[in-house]
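The structures come next, written out as structure tokens.
Next come two complexes, and both contain subunit A; in the first it sits with subunit B, in the second with subunit C.
After this line comes the complex of A and B, so read on.
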């Protein structure tokens, strides 16, 4: 928890400053939309956390979001599949993408970066080919389903403020992920594997299975995110849907304290990291800062976060060293 | 004889610890002074100060009669002091010559004069009797050969004093002999050597004088004729250590580990057949590279064997993966403790409970922190792990205590067969004795213990039976009564025992 203190304070600071400069930040319309977006992006942030903890990476998340959205629209609109079946098919598709990633990484011993970079290209291409680069609209036929992605629930006594429905889905996913990572034997083994795959193997841990599991979880959760993103926008353009989303997910994870070296990361951190990114983008928008600069701001903040994290880490290990007896 | 190096009243304080306290030391020209002491005695700090890596808080250093304050490694090198690190620091993507002249390459403008560099390096390597080409990539060199590259580098720097920090800790016997020849050669050229080692046998063989450190202070010295194993141990630990156990082998129980025609990946042509009994401690001896580690790795399923039959208490293996080996009752304490044995960034409890998470889980899937805590407390007491609490990070513990954490991790599962690879490597004398006692106790309680070791004294002192390996095959088996340094060497080298005189 201490680890997330800095970024939590930063998030609070950005919120307070933005609200003071432009009160529109807090009006129901903006606040609800912001939370809605945070929820959607946090889902793919949680997804990538599983593989980052193993010391891996998933660059294909944005393309999975694009492919899942396209396939869902195609199945529902073009093929006329019933909703439950189409949902199950898309989730199964994402799970099998993760399975392939995991098998290529553990059995063929390819690097996660390479495997998922190829995935990034392939799934994007498949999505575009599937519908001949056309735009898919869900129309108004699926408004009930769309509620999960942008629905609002009235909250008693809070007047105009309503509760965005995706936050519930995020809460369920994040809760399960946090329990899995922090409370279960598999989660502990996953952290061990992230610290050192060899040492984990030497401790009798089935590292291959765990790596595969983490990629399956990653792609599955990313696929669920993909469904929601598609329903949220209601019209899917296969060439652009989900573009760069893997970078948002990875950035949120890194801001939230995940180490790309593996072995470190927390769900809470990822949630705060995602919130910070979305709030920053929102602030740039409503404060009238040139939107061309949004990537600059984002890049700088992540960089500062990484530098601060490194500084704190060094300080901490120095303090620990001081407490311990130097050898020799 | 005037002193080349003279150190007076050197002190260095770290927060909470006085690493060096009023230490004085002198080295004459051409002299080999061995510095001995347990881990934490201040040896490494002393060496780092002399090599310019750290500065002292107080005290004087005189080199060639002049007071010097060493500011950085380059300054120390320019004066003629070279440090050969315990863990060799070479760029293994470069060739030997490139490493010898790293940072000081002969140049023409911005271009390296490769041929000149190669020739110069070759001359130095030849002087050391290295027998390999200066163009060999360091990645292809053995640890012993890499050390020669480091020494060649020291020579190229025109060093007058060479500091060697545990130089033989990763060398095979043959490489050690080469190193000793080189040391003799360096001394004949008038170089002085400051030699740090845990291995008292080689100190006895090499040193003109011994300086012992204990808790950061001078604990006394020994002149050449006073150097004995017992005298050194007394100085280091300040007390006598009881020696090895009596000579009789224990009567073995029934066979627990049975290995038939095991073929490892490293040596597929050599089927290995042997067994270890209940309550028996078997030493696996041999030179580095003889295939001992490979046998243990194959048994444990880290690197599954190509063929063969392994039975643990009747249950058929071989394991395709360590978890099968663990389930069958095997445990492996690996040689490379820091990277394979423990997780340095995690706590003692985290490490110790890692193997029992699944067994002790609540509802079959949730980590039981309470069980882990109790287990860690119990094992810490039983193994005398010196850690402030179960939350202490393993990376802050001494080597001996880290090794106890590895042992604790496995003992929590009560294995039938304990495999140990170099169980006391890099562990100081006091903790070594504790590890030995522990191995004894476990064996006495009925565990079958198979340990690979490069330390002859260890093999001789601990084994009920010795298996000797030579280039991937079992070259012989010796009972406790038959096992002597000579008989083991004979089998380990595959020839008649070499002449042991090295001076």
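After this line comes the complex of A and C, so read on.
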């Protein structure tokens, strides 16, 4: 938790400043929308955390979001599949994408960057080809299913504030991920192999299996995110759905303290990182700052986060070093 | 070295075969060969799917082959597509420039090598033979009139668009702004998209862009409602913007209080008009764009220059679709798409 202190304070600061400048920031309508978006983006953030911890990367997340959304729309609207079957098929599709990534990385020894970059191109192309670049709309026929992506649950003691449904899905996914990473042997092994794969292998960890598992988890969770994104916007345009979302996910993970060198990262950090990104984007809009500046602000904050993180870490290790070496 | 010698006998037949394939059609062509024309859009959207149907219908009617291309990344993809088409050889191109000012060189190259016409989005400075489409500024004026009808007592207006810099978006917006601020017809201003403009009855709050990210298109609307709780009317300038406005307003339970006016004929937009939750939409006639473009190119390819009017403008006017005429319009549209 200590590790995320800096970014948590930054998140708080942005919230307070925005709320002071425009009190509408805190009205239920905005708060609900904001939490809804944070939940959706945090799901793909959690997804990429699994592979970043192993020292890998997944650049295909945006395309997986696009492909899953397209396939879901195609199965439901064009092919008339029943909802549970279509959902299972899309989740299975995402899992198998992860499996292929994992196998190519561990058995064929390709670099994760290359494998997932090719994935980015391939899945986008397949999605566009599948529906001939047409836009798929869910119309009004799936409003029940869409509840999972934009539903609201009234809470008795919170007055007008309601609970966005995706937050529950995020809570389940993030909870499971945190338990997996911190409380299971596999999770600890994942961190170990991220630090040094060789050392992990020599100490008897089956690293290949774990790497494959991390990519399967990543794509599966990203696929669930893709389903929710598609349901939330209600129309899927295969050429643009999820474009660049992998970068939002990776940025959130890095802001949340994941090291791209591997071996470090926490689910809580990713949640706070995503929240910071979405709150910033929301603040820019409701404060009326030019939309064109969005990415400038976003880039600067991530950079500041990285610099601060690095500074704090070095400070900490210096202090530890001082404590370890007796003086005088 | 050894490996290379193995590769050579393998490569030669492949090369020869591809050479034959390339030469095939042109060597036995000449007399009976159909002219080949190209139809290039500026994005991937249902709008262009309808235009494609019109283009293909005209191709069948006028005895030409048509190649239809839709770019994913606007101007960048268009350049590649044009280069490929020119390399293969076409007898005419109907082009919708995504970035007219900066694609002048590309259009000059096209005009040198084949018949070039623009459609949907014009580039008056280019050597194009004519333009098929509507006047986006006038369509914007029409949109402004609809906003006034929807909100007769005045109020504030916000625009939503994928790319504010694209010419058709700019002109639509400007036409609407000029109409709302009560500027006389013929007086064309050039207001920056983000400026807040106050008129007597209507206030233009600004323009929000989303770079064609649907999730962002929706959150832009939500955030505008948060920032301006008393906002009166939301205007979608690109085809997908209006359905996203509809979504966000529906979730905010603001139907009736916040008016929606948009452009183009996406299904969700038409459904919204049927329900009475979207006031109106300004529609172009993409089917006609495709049809007219290919008709003109087919004639030009056969040497008939009389199809190009002196004004160099083949107008396919915009019209408003409101609750009263949405059913008839939709039935017509479905017929065109089939």
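One rule holds for everything that comes next: the second predicted complex is superposed on the first by the 323 of 328 C-alpha atoms of A that agree within 3 Å, B and C clash if a C-alpha of one lies under 4 Å from a C-alpha of the other, contacts with A are read in each partner's own complex, and residues count from 1 in each chain.
The rule is short, and it goes like this: a residue touches a chain if its C-beta (ideal position, glycine included) is under 8 Å from a C-beta of that chain, and two chains touch if they have at least 3 such contacts.
Quantities reported herein were computed from a predicted structural model and do not represent experimental measurements.
Undergrad: With subunit A superposed, do subunit B and subunit C clash or fit?
TA: fit
Undergrad: Looking at the overlay, does A:240 come into contact with subunit B only (first), subunit C only (second), both, or neither?
TA: In the superposition, A:240 contacts subunit C only.
Undergrad: Looking at A:206, would you say it contacts subunit B, subunit C, both, or neither? Reply first, second, both or neither.
TA: The first partner, subunit B, only.
Undergrad: Just to be sure I read the superposition right, which of the two partners does A:134 touch: subunit B = first, subunit C = second, or both, or neither?
TA: Second partner only, subunit C.
Undergrad: Check whether A:37 is in contact with subunit B, with subunit C, with both or with neither, and answer first, second, both or neither.
TA: second
Undergrad: Between the C-alpha centres of subunit B and subunit C, what angle is found at the C-alpha centre of subunit A, to the nearest 10 degrees?
TA: Reported to the nearest 10, the angle reads 130 degrees.
Undergrad: So, A:24: does it touch subunit B (first), subunit C (second), both, or neither?
TA: second
Undergrad: Using the touch criterion from the header, give the chain among subunit B and subunit C with more contacted residues in subunit A.
TA: C
Undergrad: Mind working out whether A:249 is in touch with subunit B, subunit C, both or neither, as first, second, both or neither?
TA: neither
Undergrad: In Å, how small is the closest CA gap from subunit B to subunit C once the two complexes are overlaid?
TA: 25
Undergrad: Considering the complex alone, what residue numbers of subunit C touch subunit A?
TA: Touch residues, subunit C against subunit A: 44-46, 49, 70, 72, 194, 206, 208-209, 212-215, 217-220, 222-227, 229, 240, 243-244, 247, 251-252, 266-268, 271.
Undergrad: Which residues of subunit B touch subunit A once you look at their complex with the stated criterion?
TA: Residues in contact with subunit A: 14-17, 19, 39-45, 47, 300, 302, 321-323, 325-327, 332, 334, 339-343, 345-346, 354-355, 357-358, 361, 365-367, 393, 395-399, 409.
Undergrad: Which part of subunit A faces subunit C closely enough to touch in the complex?
TA: Where subunit A meets subunit C, its residues are 22, 24-25, 27, 29-30, 33, 37, 40, 128, 133-135, 137, 139-140, 150, 229, 232-237, 239-241, 243-244, 281-282, 285-288, 290-292.
Undergrad: Could you please specify the touching residues of subunit A with respect to subunit B in the complex?
TA: My answer: residues 183-189, 192, 195-196, 198-199, 201-206, 263, 320-328.
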